[in-house]
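The same chain A turns up in both complexes below, where it pairs with chain B and then with chain C.
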Partner chain A sequence: MLEVVNLTKRYGESYALNDVSLSIEQGTFTTILGPSGSGKSTLLMSIAGFVDPTAGDIRLNGRSLLPVPPERRNFGIVFQGYALFPHLSVRDNVAFPLRMRRLSSAETERRVSEALALVQLQDYADRFPRQLSGGQQQRVALARALVFKPALVLLDEPLSALDKGLREALRGELRRLHRKVGMTFVLVTHDQDEALELSDRVAIINKGRLEQCDDPVTLYNAPKTRFVAEFLGKSNFIPVRKLGVDGAVVRLQAGGVVLEHEQAGDATGAEAVLVLRPERIQIAPEGAPVGPNAVRGVVEETSFRGAEISVTVRTEIGTLLARAPSAHPFVRPAPGDRVVLHWMRKAGYLLDSADGTEAAGSG
Partner chain B sequence: MNRRFLQVVILRGAVVAALTYLILPLLIILPVSLTDQRMLALPVNGLSLQHYAAVIQSEEWLSSTWQSLVIGIASTVLAVVIGVASAIGCKLVDSGRAGLVRILNLLPIVIPSIIYALGAYRFYVEVALLDTMAGVILAHAVGAIPFVFIAASASLEQLDLSLVRAAQSLGAGLIRTAIFVLVPNMKAGIVSGAIFAFLHSWDEIVVTLFISSRTVHTLPRKMWEGLNENLDPVIACVAVALLLFTLILLLIEQKVKRMPPAG
Partner chain C sequence: MIAGSRQTRAFLLFLTPSLVFLTVLFAYPVGKVLLVSVTDPELGLQNYRLLIENAALRRVFLTTVRIAGLTTLIAVAVGYVLAYRMHTAGERELRLIIFCLMFPLWTSVLVRAFSWVTLLQSNGIVNGILIGTGLTERPIQLVRNEIGVLIGMVHVMIPYATLPIYAVMKGIDARLPQAARSLGASSLQTFVRIFFPLTLPGIGAAMILVFITSIGFYVTPIVLGGGKVVMIAEYISVQITETLRWGLGAMLATVLLAIVLLFVFAFRRLTVLREQGA
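Our next item is the complex of A and B:
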């Protein structure tokens, strides 16, 4: 198990990492997700040993890694630009870590072909990196990072240089590869879809601080901060005041409307923010029979996105974004239409106002 | 005749004149080396290869050539090892000391050779290196380091530093990273630096005059003495040979520069 303990890295007065603690279980796929400049690479490179932390510790199975130089940490790394050795063929690139470990040439050969087969590049062994496409280079980098059976595989935005189609194909391949080799993967990305699709756990960092580390479903459904809610897809943020609790149901005052909310959320104060995903909000024509949480409004804007349709509605409690499958019976609300938005008691997630105000604006 | 044509003619004329001015002194040695006279002069009654024959038969000139080659190669090897190692160190070590090493490596081309010659002379007396092959090799190597350092640094400049991190993550320490990853990718810079280092030694005269006397007599030193003593046209023949050799090395250097970085 890898543990990052109160890790801090300062450059002059600014913090690239600020008191980050994280633990990563053997064999899992963990993603470090955050916007550009949030400290993702600094965290990954600290684990790799290329960045000396200002404070804190990094431990592997209980032993501190800080005194261990990068070449003895035995971690496979896929760098952002792949960093393949231009003077070596694909075969020799992949053999490099084995030669550094002085494995016999028979064993080296066996493992290299095994690794190349794993990434389906057997036929490219004699090519040089510059004769390969971006996606192929990427796979060579993967083979090279896996071939010596490292204790940990670190990937720094491995897919971000590729175009969209290839990126999605390689995502699937990465997931399949992880299942197959069963090693511990730590991936850095700023792409939320990539993080949600690939990972067992996602650690979201913002401005050098860890916001939340959870499995993708929890992260999406129960964000601990407004930043997390906003970074993982769009959300509506409705400022509310708690009126009272009735069993599992909390009654909330939003503008002139009373809302009912059940279970999820750990807001403790009287002032809170209700986080509502657009796809959890139903749209109905005005006057249709609806459940407990219903607000009236006028459609401001619609946008068709193939499988779904996004609708912006100005309501009595503020402007809300809703999303419906485009095959929905009430298909095409047009701007100016009067509609009712409604949602189930368990649709939202309640945040403390303090957490909710960290990021400005709403989705 | 239009104006543009006139401009082109004037420009071309100027270029030819400048080149002639630069190259004529070099070319003059060619006819002189083929002279039929018994002194350093242009041919009078016809061309002759007699002085070339004299060079090839001269024990002294051959031994000078041999010494120059040995000194050139040995000092090049030394300069390449030191210059390349310094360039790599300066790139990898991110500290104030890297700046100091950089300055040290460039010092030999900044300091006038006559001053270095004086210093080397005084120092060599103390350490018994005066008039030895080892002494001349050392002195030439020092003078050649900047050429290697500059060429090696330039080729490192174009290299992605993440290669170094990649090598380390794969289990190579700094030394193996330098040998197996950096040096192979600096090939063009190293060859180019080595050629200039060799050429530096090949025509070095100032320092050599100070620190050698009887035992060591490199080609330039022997030519200089020949000029002072007897104006033997053999000198022109040697000069032509030197020039050809230099030209060949420069052509190789140009060729290597255009080679792709890998295989």
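Our next item is the complex of A and C:
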């Protein structure tokens, strides 16, 4: 198990990492997700041993890694841009870590072919990196990082240099590869779709701080901060005041409307923010029979996005974004239409407004 | 077709000044030198035969190649270390090194050669220090011999050796050494297996540049060699201006040019092969 404990990296007055703690279980796929400049690469390079943290510790199975130089950490790294050695053939690139470990030449040869077979590049062993496409180079980098059976595989934006179609194909390949080799993978990316699709756990970093680390489903449905809610997909943020609790149901005052909310949320104060995903809001024509949470409004804007339609509605409690499947039985809403937006009691997530504003202020 | 020929004509028009310049000031004189080398004093290859038969001439030739070769090795070795230091240096140190490297280039070669004579002569500063610290009892002969010429030439050539190597080092992806470290290579192994091989084109370029410049050195060997170390350029000058054996001078100039072209060609072949990854 890899543990990052209160890790801090300061450059002069600015913090690249600020008191980050994280633990990564053996065999899992963990993604460190954040916008550019959030400190995610600094975190990865600290784990790799190329950045000396100002404070805190990094431990592997309980033993501190800080005194261990990068070449002794036994971590396979796939660098951004791959960092293949241009003067060595594919075979020699993949054999490099084995030669550094002084393996016999027969063993080296066996493991190299095994690794190349794993990424389906057996036929490219004698090529040089510049003779390969971006996707093939990426696979060589993977083979080189896996061939010595490292304790941990670190991937620094491995897919960002590729075009969209290839990126999606390689995402699937990366996931299959992880299942097959069963090693611990740590991926750094700014791409939220990549993070959600690939990972067992996602750690969201912003301004050098860890915002939340959870499995993708929890992260999406129960964001702990406004930053997380905004960074992973779109959300509506409705400022509310708690009126009272009735069993599991909390009654909320939003503008002139009383809303009902059930369970999920960490909010403890009287002032809170209701986080509502657009796809959880239903659209109905005005006057249709609806449930407890209903607000009236006028459609401001619609945009057709293939499988779904995004609808911006100016309502009595503020402007809300809703999404409906484009195959919805209701006639496609048009600007100017009067509609009712409604949602179930469990659709939203309640945040303390302090969390919401603090996260909004720093992000 | 019409547009094409008009384009061709415009192209030729723009090319004319440089063509005229090169023809008048380069192709014609070089051709003339070539011609003189086989026609003076009479038609034939007798000037070239001298290169094999004449012992004094052979000695001048060997001295030239030896000094140019040694200058190349020393200047490129020093240049490599300097370039590496520049590569790893911070902004301020880098500026300082570049300043120290470029400053001598603004001083005339003649002034620099005489400065070295002042420093290296028997009662100069260098021998003063050597005797003062008790390293030697009597002054060491540092000028009017090959050592003096080497010191002077290496000093002139160091910037030319450093800059091409530095340029190549700067072009190396900083993640490559990191990748090597992450794969288990020590810093020394990273340097030997990854960094150094990637700087080879820079070393090649520096060696060619320094060698072809050194082989034609004139002022520095005259001043620091004090007549005892005669390199080919000085020998040619003597043939042209004193003994008036123009044919011999022209032959030597031609051979010098041939050597330079040979090296440039060999180097280009090498780099082209490298780029093709063969």
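Definition applied: the second predicted complex is superposed on the first by the 356 of 363 C-alpha atoms of A that agree within 3 Å, B and C clash if a C-alpha of one lies under 4 Å from a C-alpha of the other, contacts with A are read in each partner's own complex, and residues count from 1 in each chain.
Just so we're on the same page, a residue touches a chain if its C-beta (ideal position, glycine included) is under 8 Å from a C-beta of that chain, and two chains touch if they have at least 3 such contacts.
The structure displayed is predicted, hence computed values, not measured ones.
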item	value
Simultaneous placement of chain C and chain B on chain A, clash or fit	clash
First (chain B), second (chain C), both or neither touched by A:F75	both
Which of chain B and chain C A:Q131 touches, first, second, both or neither	second
Partner chain in contact with A:A48 - chain B first, chain C second, else both or neither	both
First (chain B), second (chain C), both or neither touched by A:M100	both
First, second, both or neither for A:A83, with chain B first and chain C second	both
Touching partner for A:R144 - first (chain B), second (chain C), both, neither	both
Overlap of the chain B and chain C footprints on chain A, listed as residue numbers	48-50, 69-77, 79-81, 83-87, 96-97, 100-101, 128, 130, 144-145, 148
Residues of chain A defined as touching chain C within the complex	48-50, 69-77, 79-81, 83-87, 96-97, 100-101, 128, 130-131, 144-145, 148
Parts of chain B lying in touch with chain A, wherever the complex brings them together	160, 162-163, 165-173, 176, 180-181, 184-185, 187, 261-263
Chain A - residues contacting chain B, complex	48-50, 69-77, 79-81, 83-89, 96-97, 100-101, 128, 130, 144-145, 148
Contacting residues of chain C [partner chain A, same complex]	173, 175-176, 178-186, 189, 193-194, 197-198, 277
